[in-house]
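Inspection log for the structure reproduced underneath, given as structure tokens.
Chain nomenclature is as follows: A, B, C and D, assigned in order of appearance, with residue numbering initiated at 1 for each chain independently.
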Amino acid sequence: MTDASLPAPGVQNAAPARPRWQVLLVRPETGTLLLLVGAIIVAANLSPFFSDLRFILESSTYYMEFGLVALVLTLVIISGEIDLSPAAMMALSACVFASLFQAGLPIGLAMVAGVATGAALGAFNGFLVVVLQLPSIIATIGTLTLFRGLSQVLAGDRSISGFPAWFMGIDWRTVGIVPYPVIGFTLAALALAVLLGMTVWGRQIYQIGVSEIAARHAGVRVRRIKFGLFVAMGVTSALAGLLTASRLASVRYDMATGGELQMVLMVMLGGTYIFGGRGGVLGTFLAAWLLVIIATGMNVANIVVTSQLVVMGLLLIGSIIATNAIYARTQR
Amino acid sequence: MTALVSARGVSKSFAGVEVLRDVDLDLAAGEVHALLGENGAGKSTFARIVAGVHRPTSGTIALGGAPVDIASPVIAQSLGITLIHQEPISFPDLSVAENLVLGRSAGGPLARVPWAAMTRDARRLMDVLGVRIDVTRPMRGLSIADQQMVEIARALASDARLIIMDEPTASLTPNEVATLFTIARRLRDEGRAIVFISHRLEEVRDLCDRVTIFRDGARVETAAIGALSDAEIIRRMIGRPHQDYMHKTGVAIGGVALKITGLTRRGAFADISFDVRHGEIVGMGGLVGAGRTDVARAIFGVEPADSGTIEIDGKPATIREPSDAIALGLAFVPEDRAVAGIFRSLSVEANITAAVPGKIAPRGFIRRAVEKTLAADAVKRLRIRLASVRQPIGELSGGNQQKAILARWLMTDPSVLILDEPTRGIDIGVKAEFYDMIGDLAAQGRAILLISSELPELLALCDRVLVMSEGRLTADIPRSEATQERIMSAAVPASAGAAA
Amino acid sequence: MKRRSLLAGLAVAASLMGGAAIAQDAVSIVYIPKNTGNPYFDSLEAGFRDACASLGCEFTTAAPATAEATSQIPFITAQTQRGVDVITISPNSPDALNQVLDRARERGVLVLAVNGDLVGNETHRDAAILPVDFKKTGPGQVELLGSMIGYEGEIAILSATTDAPDQNTWIAAMLDTLANDPKYAKMKLVATVYGDDDPQKSTTEAEALLQTYPDLKGIISPTTVGVAAAAQVIQSAGKADTVKLTGLGTPNQMRPFVKDGTVSAFQLWSPYNEGVLAAHFAVGLKNGTIRNEVGATFEVPDLGTITIGENNVMNTQAELTTFDAENIDAFNF
Amino acid sequence: MIGALLARREVGLIVMIALVALVVGLIEPRFLTAETLRIVTLAIPLILVAAMGQMMVILARHVDLSIGAILGFAAIVAGMIFRDMPQLPTIVGVLAAIACGAVLGLANGLVVTTFNLPSIIVTLGTLSLYRGLVFLVSGSRQVDPQFIPRGLISMSQTSPIFGIPWIVLIAFAIALATWAFLGYTRTGRQIYAIGSNPVAAPLRSIRVTPVTLFVFTLSGALAGVAGVMYAARFGYVNPGITGVGFEFIVIAAVVVGGVSINGGVGSVLGVTLGVIFLGMVNVALPILGVSAFWQSAIYGAVILLALVVDRTVRIRGAAALTLSRGTA
């Protein structure tokens, strides 16, 4: 992402070919899976109350919104960009939705307006990055601050609620014992995995990530795809915002504060390469569950929340280092 | 003459491709030593090794008789070896004076920067060089020539014992070249060794005492400049006599395929007009930075022109994106393969099929089988050497990567093919294959625009040679009249100072 | 004692249908404060601890890192899963917790709001323990400031956030008192500003007050962060004798300012007693010795007779405690 | 040319500052008083000090998102020393805080340089990590005002020199030192060089890694200084809120001050003006009775605006480049 991270010309020698089995074994997703299994075992031993599927699924709903966004964020990062503003977009579009609803707009329309807001915000990011060609990483830090601020301006710190019963508590509705959000997240993961792995569109996202210039030369409509990705981020964030609103039965400007960290963390933990061109949705899917297990496990074991912050931070850095180590060899 | 630098059995390979093979070479103090050879012959690699940019895969280098390990440019500098890059290194946001001092100023981390003295010395250096550059202005915006002068000034200031100039004149005006040579001679007379890398024989004759000729990564011969005639030198460079370096098969020239009129992009090129006919190979020569690549990129929509028209088969075309160009039957093999060509970490098949998503994924979903067969055919047809089509293309040799890129474009069955330095950095054997392919492609009635810095290549392959200089079209020479001299004279900027 | 806890054990067993149960013979109580690192809640926890030590109940606490609306939810779920008998919570949001609290109660967990209520959503908790009758807070503060400035001159209010339910109840009461009680007729409220319980913002807001209203005589800041920030500002500006300050603050927070005379008196209640009361009420309820009905009464050592008021709200003390140079060293929270 | 542009940026800032003062003054005459000056100068020291560090990081083409957490960590450490070892002289706590900041900054630098990772993601991680450490070392307990040495607090209130508070003097002293360091020392210039052309730097015998480490360490140390100033200004340290969101304010100040996020461009004067500008806005908002809610929105807008300006400037620069040299 920053030129500073490119090696000096003298060291740009391509890597020697590696045996296939090794390639398969060092897939970062494999690492994520192992971590997940490990985490489950540890958590189960930490507290007798952990091993209860219903409880885990119930708790997982608190992370599904971030997970959903992280899936799309994965595509963005594979394409060589990044978006740090989704949590703020969740809050702002939810605040728009709630304010309009409170102003008397039929909730259906308000929801549409909320999603439209998300699309607009995403388009704004896209405009900054694709048209004005600002580095997405710093530009979206700007929009993160801006969007969060706007939702505060819009909603103050009122807690807007009073939604109709059918809208509230989507995390309570279950198929068997599986809450709707979990199902939605899983389906979304499947859909995106297919999109990314089996369609031209997905192929082109990888191509852009590996070499944007080469992609353009090969006729890939880079600008269009990137812009589309940012809009998709906005829309997904808005949907996640609505899910959160439904789960909490209320909306405040501070919804999902700091969520960007968890989302990026999910993508990085999933083994997607921070410099783009590598990675996949499967990894993010697993990583989301890994976070669910870790957070839930620590909560139910009464481990102080503050050490959770430490764990999150260490995980993020650790996962980038690991992924980097795996990829850097073939990536110049 | 006493050898200042003596290299013994120096070899270097990148990504398994050997670019320098077992080179022995002595550079003496008080001489200007020319390194000659085609692009990719290994002369620049050798220079970079001596300057510590690359480290040799094997072999030793001795400085004043004592073996040294030149592990980095920094060490090289400390040993008194300076490399003046083709593309001068600069810190655009820092002042010229600072760029001169950076890396040489002594003292600890908190040592004070003596602005006054720094500026004074810088001015003096510039006067010595007889160039007028405000040393307090930032490097950003300086012309290549001026940046080169700054580099030379650096070398002077750091009183290097060995100064390597890698194609310093490539983008200099004659006057600047003259200045450069006077300085070079004075440095030689001061007893320094100078290595001069150039394509231009007349310059070499003018300046150099001895010449070493490289071919295919090996040293062919070292001799006093007087000892060899131009023809002999060229023969040693290209390996065979000039005339039988011919390929072009008689092909019927068809109607106009690509017609460019008044193409202009501010800051790059102006008022470019030419056409390419079916079955015709039109060459485009010129110095580095003359704007050839920009024209190609403009035609292909990578960086569209500000004004001017493009017609394809007589129909005016609007090309905003490469995808538009592809739809119109254009294909473009870019100059910088590593950046603009391949997807290094993606499989060969993905690379080959990149331009034809429609073929591998009729309904949006990629058909792996189809993709594989398509790729496999191409690999067979172009004789691409690889382990598997699922192998990352980055693991292939440069020549085979380039073949894959060509294969990518053949998939689109283009009517107009733009090749930008297609054989740069490719072993001679594969080059020959490329020449054959290019000929065949023309024979199939495709129009081909061949951008190349290798004059023999242009002379050998092209029906016509266009020449660009400083963003303008300066010559359109039919095959019959084309000679290296004519092309060169059209390529070298007529008036001085235009660039500075 | 033994018999009691045995009963408790039965009660627990009975109350926990389905949900994973802890095999234990004591009532287990968890307290979830607004956020960790807040000294106010430290002393509230102390109250719980000491009470449980004497009552023989198990007490744990689990606090989110930030006080944002949703941060408490995962903890409520986790504690429910742990099969605790009682969840006592100082809610970060009056409404965002409704559903998860309901779920806890479905599973037989007793839910008590402590120190702050689910205003407007009282049906989602079993009872609330509040320090004082919040109706009395406003007038109390006005009277205190009035006594400092001779019931005359411009005054201003520095509150927490624009929608902080408790602060708003108090401010409403203050306005009412100022408007209707002739005693305060000469006191003129010129501004009500909000520092969002953030030191930085509170400081700038307080500074702005001093500057925008040169004739300002007094400031009421009914929030611990605000009153501390305001005190710091007045001290820095050296306006201690022209501008009087009072509000709700913790002794530890305000001690230096009372010592150096920046603030002559401020008020609060005892969060410690809230913990004590909550623990006694919870255990009593679980043991069946207390009925959770409006009007019901019960005894708590040191607190005397507690009466359950409307909305199942009970208070630890009738009036606010006023801290000044004399008594402040007697408190440590 | 860049120099000229910078000049433009600094002049522009002065104009903007004057405008804010004027406009606000018209609406609320009391704004144009010495008192305002006092408040503004009190509002900026923390930001100014941290901005000096962040500026150097950004000049070297990096960014440090963790300074808010570092500030909190340093402040809590200082506070705990004041509380738990009252016999020690104040300076010990101060130095300890600065040292902690330096160490955490160094840690950032080490991860970034050793593994060649984008600093923004790394520091996003350490932002969470360090905040967690704040809670752990403090046991989530606030350090109450009674433990903060009077002497320290009075530093945010007055000084022998015209009664300008010490922290203000110190902040500007640090800015001055940074100016001298960046402009007149070898390392200072090397920071610019690295940001200007990271790939070429090693070829000019600039030891990129040590310099980068140094820059991150310095940024951390300065955040530590800001932490001490926080304790001095607000009189207590709470692990939960101290320094939260601080990084965005500082980054806003730095980029609005004309430092290019592409590195290599930026002046101490510009950043100082940027800080003053934001300080003015901060003070103006409540005086105008504008809700504090607007602050974060304004920061965001300011950051984006600065980025766009910087971008357009660069494009012009690039155009000039191609004009004179074609594209080689």
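As a working rule, contacts are C-beta pairs under 8 Å (C-beta built on N, C-alpha and C of every residue); 3 or more make two chains touch, one makes a residue touch a chain.
Fair warning: this is a prediction, and the values are worked out from it, not measured in the lab.
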Steps in the shortest chain-to-chain touch route ending at subunit C and beginning at subunit B: 2
Chain whose mean Cα position lies farthest from subunit A: B
Comparison of A-C and B-D (more C-beta pairs in contact): B-D
Whole-Å gap separating subunit B and subunit D, where each centre is the average of the chain's CA atoms: 45
Length of the line joining the C-alpha centres of subunit C and subunit D, rounded to whole Å: 37
Distance between the centres, which are taken as Cα means, of subunit D and subunit A, whole angstrom: 29
Where subunit A touches two or more other chains at once, by residue number: 9, 156-157, 258, 304, 306, 308-309
Contacts with 2+ other chains: residues of subunit D: 131, 135, 140, 202-203, 291, 295
Multi-chain contact residues (two or more partners), subunit B: 53, 72
Touching chain combinations (by label order): A-B, A-C, A-D, B-D, C-D
Touching residues on subunit D, where the partner in the complex is subunit C: 28, 30, 33, 35-36, 39, 42-43, 131, 135, 138, 140-142, 144-146, 150, 153, 156-157, 233-236, 238-241, 282-283, 285-287, 291-292, 295
Complex contacts: residues of subunit A adjacent to subunit C: 47-49, 52, 55, 58-59, 62, 156-159, 161, 168-169, 172, 244, 247-250, 252, 254-255, 257-258, 295-296, 299-300, 302, 304-306, 308-309
Interface residues, subunit B side, partner subunit D - complex: 53, 72-74, 77-78, 86-87, 89-94, 98, 102-103, 105, 107-113, 115, 137-138, 140-144, 147, 171, 266-268, 288-291, 293-294, 470-471, 499-500
Contacting residues of subunit A [partner subunit B, same complex]: 9-10, 13-17, 198-201, 203-204, 206-207, 210-211, 213-221, 277-278, 327, 330-332
Residues of subunit A that touch subunit D when the two form their complex: 1-9, 84, 128, 132-135, 137-139, 141-150, 152-153, 156-157, 253, 258, 260-261, 264-265, 268, 274-275, 304, 306-314, 316-317, 320-321, 324-325, 328
